[in-house]
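Look for chain A in each of the two complexes below; its partner is chain B in the first and chain C in the second.
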Partner chain A sequence: MKTEYIDAIKKEFGNSILKESVSDNETYLTIKKETIVKLCDYIYSHLDLPLVLVFATDERKTDGVFKIHYVFSIDKDDAFIILNINIDEKTPVFNSITPKIAAANWYEREIQDMFGLRPAGHPDPRRLVHFEDMPAGVYPLRKDFDIRTKPPRVEGEYVYRRVEGEGVYEIPVGPVHAGVIEPGHFRFSVAGEPIINLEIRHFYTHKGVEKLFENMSMDKAVFLAERVSGDNSVAHAVAFCQAVENIAGIDIPPRAKHIRTILLELERVYNHLGDIAGIATDVAFAMGAAHANKLKEEVLQLNEKVTGSRLLRGMNAIGGVRRDIGDKKEGILLELSDVQHDFRELIEYLMSIPSLVDRIETTGRIYNDTAKGLHVVGPAARASGIDRDMRRDHPYASYRDFNFKVPLHKAGDVLARTVVRADEVCESIGIIEQALWSLPEGDIRIKSSQIPDGFSLGYTEAPRGETLYWVMTENNRIKRCKVRDPSFCNWLAIEYAVLDNIVPDFPIINKSLSLSYSGNDM
Partner chain B sequence: MTVEYEIEIMGQRLNERIKKIFGRSLHIREVDAGSCNACEVEATALSNPIYDIERFGIHIVASPRHADMLLVTGPVTRNMELALLKTYNATPSPKLVAAMGSCACNGGIFGETYATGGGVDRYIPVDVYIPGCPPRPQAVIFGIMVAVDKLSQKKTPYSETPYLNTGIKGTTRLEHEI
Partner chain C sequence: MLDILKKTLKTGSQTTKYPQIPDFAPAGFRGKPELFADRCTYCGECVTACPPGVICLSEKNGDKVLTLSYCGCIFCGRCEEVCPYGAIKLTEEYELASKTKDDLITSIRRKL
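Moving on to the complex of A and B:
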């Protein structure tokens, strides 16, 4: 992949590059450890490319070192730059880039907990994944850590940021919440009603997913990918499959690509309908919520009719899809045209209720520079004026073949996020219709028994935003699988979105960002 | 048979039993002990206008103190263990526990690792297991019905109080006062 960005990097930092390799649209550059901060800052600030992922690998067995990889996305050329540095086991320290690039914050803390590599100069070096009762020296993603180890519980303390002053008090919420939602802890500092600080504490649902992936067979790993974030099953499974297919050089049949696209969009439709229902629930507008929930249920039942699973599970496989849906074409089209008709009516109705619109307008605002700095993704980013969508910028499956718009709003409030989702539902139904009308004939899967050793990125635009997988294979099994759910990027934005809002508006703001706990904690 | 008809028949049967055994409605607190959120999607669906379980006398409540039954999802992560035990202890007796989904039943695809415990019954006594990944809403309603039946048979205290190997101070032994 030819791009002027690589030339610019070579011109500025030519003598820091130790190794270069290119595969497909990914350019890998091995960099001298000392220059990584400068180089990342150059790419981020001067070349204006977003940092989409930072992760580590334990390659002590083959190369004698740990490696840290920094992935930057070049949206306009559909390419990625992946920098990596080598870290010696004896000096497990690397220079933190967080002071320059805020989006690296959690990635570096995650590497610290999972690999025992310390980010020197990190402004907040507290634990992230592990709780205070985890003994020191437990690094699950090191290759010599046995997954069945049961570390004992030790005494420890987690220190929250404290706001002090007259009349300031704290409200702790969670991990078990009042609604039927996932677990997480929120600590508000408030003065009267307005929130002056929010600290989120997650990883209650940490299940060791990345460790589980290791040594797993490809076929089983697809099922695990579906269960990283339950309501984004298809997006995760497709991202994983695409990474493995890239490694193996498999070009899946066109019919399978179309079916994947249809599944991805069905998933987006039911998720967005659920989020709109949630927003209506949280402003106590029961009628709107009931309507939206009914539509969501209709799509879930359609999913079951088409794929046998309400959450579209078990459809994807390495090399294509497991089941043809061509014979259900008429049923899908008919059902979706009903859903679209009812949905348009519902949105018109919701937007005509002043008490609802009043409540969500200017609420939970995420400003464009905050969103950019934290690398917010998905509908939340597009509601804050960031024009990014993996389907358009890094097209996969058969998105190249279809016409669709990427809705963009600038206000960054709950209303903007609601409108972005509403627009996306209509676009998604449009994509499904196009895909069904142009469904190519042919096979739905290329079977491959042997996956060569290698590594590659896989990505999708999940309902929540860009989902990334980086998979490394060895002996037909997975050596390392890094999963990055969109919520991992978006969670920190909520700490900014709630500022100066009142506590009762927190649930609406939370819902409008539609954050996954399980996808974040893994 | 349509979904609506299925639900109607099952709901009526459930309603009769709840009335007979409780003489009132059944209150459920849902606890996510580390699920992937798919079970939550289905547990939420129970309250949508299609299933609308409230009409059969089932109410999902905000606090374990108001609950007759805990509906637990997820393989029980290390980080949720304490919260699950506290929630169980905060639920008044007699209480029922339903393990919802494959992970809650036996750890599912996540199994037993450094981060997960391998199922709800390793930590608290479970009355009914609702398999599925995730179970359909119909299955959840059926599971609740089986659990309610069990309560009518639960006349004697648990023969054995489970010792829980959690290592958490003060919660290693749970009391049952049925």
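Moving on to the complex of A and C:
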């Protein structure tokens, strides 16, 4: 992939580039360890490319080093730049880029916990994934860590940021919440009603997904990917499959591409309907919530009729899809036209209720520069004026073939996020209709038993935002699989969104960001 | 207020009478997998393919035994897909709750 950005980097930092390789739309550059901060800063600030992912690999067996990879996205040219640096086991330290690029914060802390590589100069070097009872020196993603190891529990303490002063109170919420939701700890500091600081703590349900992927066969790994984040299962499965198909050079049949697109959009529709219902619930507008939930249930039942699973599971496989849905075309079109009609009526109605609109307007603002700095993704980013969508900027499946708009709003409040979702539901139904009308004839899957050694990115725009997989294969099995759920980027935004809001508005702000615990904790 | 009443009346009652009136899953539903003793050759294809590893092949008192646990089953249908003899099939049954874990294990056997 030819792009002027690579030339610019070569011109400025030619001496620091040790190796270059290009595969498809990914350009890999191996960089001298010392220049990484400068180069990342140049790409981020000067070339204005977003940092979408930072991850490490343990390649001591083959290359004798750990590697850290920095992925930047060139939305304009549908390309990616992936910088990597080598880190010797004897000096497991690298220079932190977080002081320059805030979006690298959690990635670097995650690498510190999972690989034992220390980001020197990181402004917040506390543990992230590991809890205080994990002994020092245990690094689960190193290759010499056996998955069956049960590290002993030790004494330890986690120090929260404190806000002190007269009349400042701390309100700890969670990790156990009312209702059937997952665990997370929220510590509010308040002076009167307004929140002056929020610190979140997560990873209570860390399942070691990336370790589980290691040595897994491709067929089985699809089902693991499908379960990383329960309600975004198609997006995860497709992202994983696309990464592997990229490595193997498989171009899946056009019919399979269309079916994948339909499934991805059905997933978006039911997720967004559920989120809109949740927002109505959280402002205590039960009638609106009931109607939105009714529509969500109709789509879930449609999913069940089409795929045999309410959450659209078990449909994707390496090389295509496992079931044809062509014979269900009429049923889907009919059901969706009903849903769209009812949904339009409902949204119009919801937006005419002052008690709802007044409550969500200007609530939970995420300003454009905050969203950009933290690399917020998905509907939350598009509600804060960030015009990014993987479906348009890095088209996959058959999105190239369809017309659709990417809704964009600038206010950054709960209302804007609700409206972005509402607009996206209508666009999604439009995409499904186009895909069904133009469903090509032919096979739905190319069987492949042997996947060559290699590595590649896979990506989708999940209902929550861009989902990235970076897969490395060896001997027909997975050597390393890095998963980046959109929630990993968006969780930190909530610390900013709640500032100056009152505590009772926290649930709505939280809901409007629609964050996944499971996808984040992994 | 009038709008709320109008919309509520128009939508009507949405809840069903389940479980008094049974609710049937649509055709193609991914439900409880069933084993067919007469077709199974105990080749072990399903054991290798099962992603969560809940199908086991063992020998007990001179019998070959194939066990399937619904506890960890993810209803992906890989077993059905790889079985060369059609000896395992997903059914449309979804009411699988039980009081003991033993009730969630099914097995077939054959003399060696």
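Just so it is clear, the second predicted complex is superposed on the first by the 522 of 522 C-alpha atoms of A that agree within 3 Å, B and C clash if a C-alpha of one lies under 4 Å from a C-alpha of the other, contacts with A are read in each partner's own complex, and residues count from 1 in each chain.
The working rule: a residue touches a chain if its C-beta (ideal position, glycine included) is under 8 Å from a C-beta of that chain, and two chains touch if they have at least 3 such contacts.
If you're wondering where the values come from, they're calculated on a predicted model, not measured in any experiment.
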Clash-or-fit label for the pair chain B, chain C on chain A: clash
First (chain B), second (chain C), both or neither touched by A:305: second
Partner chain in contact with A:313 - chain B first, chain C second, else both or neither: both
Partner chain in contact with A:100 - chain B first, chain C second, else both or neither: neither
In the superposition, chain B vs chain C on chain A residues touched: B
Partner chain(s) touched by A:287 [first = chain B, second = chain C, both, neither]: second
Which of chain B and chain C A:187 touches, first, second, both or neither: neither
Which of chain B and chain C A:349 touches, first, second, both or neither: second
Touched partner set for A:219, first chain B, second chain C, both or neither: second
First (chain B), second (chain C), both or neither touched by A:329: neither
Where chain A meets both chain C and chain B, residue numbers: 223-224, 227, 294, 304, 313
Touch list for chain B against partner chain A, complex: 3, 30-45, 47-51, 60, 62-64, 74-75, 77-80, 83, 87, 108-116, 133-134, 136, 167-168
Partner chain B, residues of chain A touching it in the complex: 131, 138, 140, 145, 147-153, 175-176, 178-183, 203-209, 211-212, 223-224, 227-231, 233, 274, 290, 293-294, 296-297, 300-301, 304, 310-311, 313, 516-519
Touching residues on chain A, where the partner in the complex is chain C: 219-220, 223-224, 227, 287, 291, 294, 304-305, 307-309, 313-314, 322-323, 349
Contacting residues of chain C [partner chain A, same complex]: 3-4, 7-8, 11, 14, 25-26, 28-30, 49, 51-52, 74-78, 81, 90
